[in-house]
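Dropping a structure here in structure tokens format, bear with me for questions.
Every chain is named by a letter (A, B, C and D) in the order it is written, and numbering of its residues begins at 1.
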């Protein structure tokens, strides 16, 4: 049993960490902080979790309380996270950071999208936490930068075919649709029920902050700089990121079987990746509440494009589930421990 | 590990049995039937369950296959269930029946609401499967009649106060709202998305088949015949039964503390019952995917009425979860085995 | 063409007034205020209304601008409304107030539920604006108190049978379910999409502010003091108020035909009331976007209760549509002018 | 007042025709057929329309009844429509066909996607009914092929920029999301509430029947053969088609102002087209229930792609509203007659 502390736990990623870790055979959350909910019981803030935890949210000012934690999940917003994470790293504690603060390798690029970086020396130490791509590095990491929700779905879908060198690297279009929980647990007219329900819209078109994160990882895989067109949309469902991706195949004669083989090989033995049978495609319903990334694809022979579709639960594989998967790897637990969560398809 | 067979498993109660039993430490589903999905893999019919089970749906005609089952869950429709259940009971196998066929003690009453009963001799043997009320009988049962979804929410909410004798027994009004999955996994214009979404309606007003089931149990508790007014509504959500119940308190001076005490005592040590703190009330969100029944209440002092509110997940505590809870009791497992499912509140 | 000003028009009732009045043959909105949206075009705040109005929201401080208005709709919150309404009345302008400020006849009762009333002298002048009940008074009114959404649905459903003297006046239970737009156009965690969607809850159980309004009107109709039990619920749809009401019939022998006759007579020639055929019941879908109040009922012979069900669109018959209906009466227009809005059933 | 008959009117396009035409100042529906609802009143099949029409659905076998119709809307399924349309044309009656039967100019292409065409001689006569593109031809048409919902949104979004010659014609990707009413008013497990709600999926990926229709029109505009990649998705809302379209700009230096100018010019004086201000994008909420097509766009300078976004109500501009717009043109009415329907944004 390792001892875990969660920082900034009164949002949806905190809720999910509690939901998942509450059933984990090897880990125990012993402290959780929240500025806005300090002093309140978990069951009071999240009535659904009543009977699962007797913890109270603590004032984040009480740093001392966390000195016993073997692992700290930071669910703080960006900027807030990089103010405290170095403190833990210095003390020899391991950290999984769910904010954007340690995902980008370049402080300059971070600056362009998020503002000044104040913990640059940790950027090299931080490992980008997609286990299916960086499992070996995660094993030895002291700081894991847990990926963004959009990047997780996009990178998992594009990595195999990009690695195989089958697509034109300047042809990638990523059309993503996110459930509303991705906007966080906050009061906002933009995410109020009456404004979102029965609607559908694009936002931050061509300028969403997850763009450089996606491009960084795709460029690493391809071994050259890649720029993509990325359009996020707001979907009137609670959970999920659905990405429909388009890329031109290099040769017109690439067959479905060839592409399938590329994906099957790349993801051999990956429990959390499910390649869909030919002619079937992912549905957010089938991943809801689970740590899966479902992948389907189609070759549009008429235009020579490959259409790749991925579906994840933004709060699980796109956030807290993947964070626990990273934890399992860092501490030598079974990678699926606590994560054998069948989706709530209905 | 006990060996389990599921009959009629391609509906939503089958899906939920698979979701729950797939993580159960002491039980294993080794066979499942479905007339309409026979020959197809579980992951094909329920893509969300892919990787959790390698079983195929079998032709229900293959009875012989089930001879090894120690427990059979029948998720067949009413009438269909009572045609096959006697066969298993005769062979000494235990059965938990999720249909309405063995819930009513009186074949005459069954006849009024469902049609002719053809296995009357089993009605006495059958135990009505609400563990919080009949745990001791369930322990020794060979046939458990798993309660209806509406009755579960209504009975759990009314039992304590009725038992305590605090309410006028002719004053009970039950206003219930059910998620659409309660209508089953079938094609129907009435439950098609465009017809249900953004709508809300009452149906079977004052004449729903769950009425006699509710009345039978309330009458048993009160020790006298009780008739209730029961109005079911269709709620545009996937899961959940929410019941708002009204009854006149016998004395105008009954306090909240007194009523709270009645409920706390009645449900002492019941893990799956959560009594809400004063001034807070259940929300379907907080039970979604879990086996809880959340209960809240309010005394309307001006009118002398007690308002009792319960929320359950119709597919879990209202069907498959309660069925597994019954199984745990019948086989001496921990009652929460496989059922420590935190709700997916978001 | 009469000239209309709207105060506090950037909420949902303002949006609906603009939607409806934009198509009205006899009325023209020439000014609208909003503190938070002042200076912005209507099409910018409500993009759906782009091309329907070239108006800008004005600073409410500019009272002078409204001196030309023949009718003022106040869509301000309670308290804010009674601060400005007297000003217009003094000047001889007519006002329809959509807040709660002039609905209750008793300043004392207002005080218990809303706080101190500062324009008591107008309470007698104000006419409660349900046309089906007070058409004659509305004709000559200078100040119409537009009813609350819950009261509209409840009163229209109960008035005929109460007037007829067929029900026990101490037996009334009103179980209401409201769409989320009823909570207004504001940022709040409680009405954020992820918190509301797939959930259902009761709120202000037994203590909602609309209770005294309902009771005032029912008491007037019955000619004696009536107290009701009223439970509002939050329904995950944008629009609609659905009320399921229960009352004990005085005689066990009252037939459906008798009750139907009571309703048909009471609502003879009322265009906006639709009595449903026997065995069918209202559905929010069928009133969405329209000014109808659909009414259905059932006699539960076993318990002697009458179940009355009403459905309205909370923003139309429950607010802005009824306000326009009142305007039509006050100015001698056809009562349905601008209100022949077929619902958007799908 | 022209006299109108509707064939196959018990689906959602029939419902919308009735909703719109019921308020039309110059047209009157005097007959409507439906095989499955024959003999039933409109208000019985569509309770929302009660009080708006006293018509009954007639048996389609009664052709004679329609001889007085000056215009016939056929809302029959494809194949069924081309069996009866020639009959009316021969008699000199005008027809607006909402099926796919007369949209494709090539019987061969029709054959590939829909099966054998049996009224080929009418293909030349039929005018493709997007008024913004073919207004002059529609004026004189006897047979208008009312466009598909997906094609309407795609073509209106791409036509201006394609006509201007600014994009690479082999670079077009159309990622569309449709509300569930697009699947029609039928019982199907695939469109049942519990299967669709909280889900999101792509379907008919790269092989949807609307592909040749889109390509036919884009090719006509561009003056050369164009093939596109088209992916439809099922969106858990009742209404709307949202299309996010991608195309490479020919020159990297095309500015936003230039593109905006192209759209503004192309759609000068088009009431039903709304070009969104820079930095804002369409939302299905803003067109719900209306005949608008909202268009927004963004130049992704980094990749040289133009992102064009359109939103329509699939049942209005994508079907029945556009059909009425075509009627208005054919009969010399004001083009907006009956179509000044402000959207129900909330």
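Convention: contacts are C-beta pairs under 8 Å (C-beta built on N, C-alpha and C of every residue); 3 or more make two chains touch, one makes a residue touch a chain.
Everything quoted here is computed from the prediction, not taken from an experiment.
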item: Any chain in contact with chain A as well as chain D; value: B, C
item: A-B or B-D, whichever has more C-beta pairs in contact; value: A-B
item: Length of the line joining the C-alpha centres of chain A and chain B, rounded to whole Å; value: 36
item: Length of the line joining the C-alpha centres of chain B and chain D, rounded to whole Å; value: 46
item: Per-residue overlap in chain C, given as positions that touch at least 2 other chains; value: 12, 181, 194-195, 197-198, 236-239, 283, 285-286, 288, 346
item: Touching residues on chain C, where the partner in the complex is chain B; value: 170, 173, 175, 177, 194-195, 197-203, 205-206, 227-229, 231, 233, 235-240, 242, 244, 246, 281-286, 288, 296, 298-300, 302-303, 305, 307, 309, 311, 346
item: Touching residues (chain side chain D, partner chain C) in the complex; value: 12, 15, 18-19, 22-23, 44, 46-52, 181, 198, 238-239, 271, 274, 276-277, 280, 283, 285-290, 292, 294, 315, 340, 342-346
item: Chain A - residues contacting chain C, complex; value: 12, 179-181, 183, 185-189, 191-198, 236-238
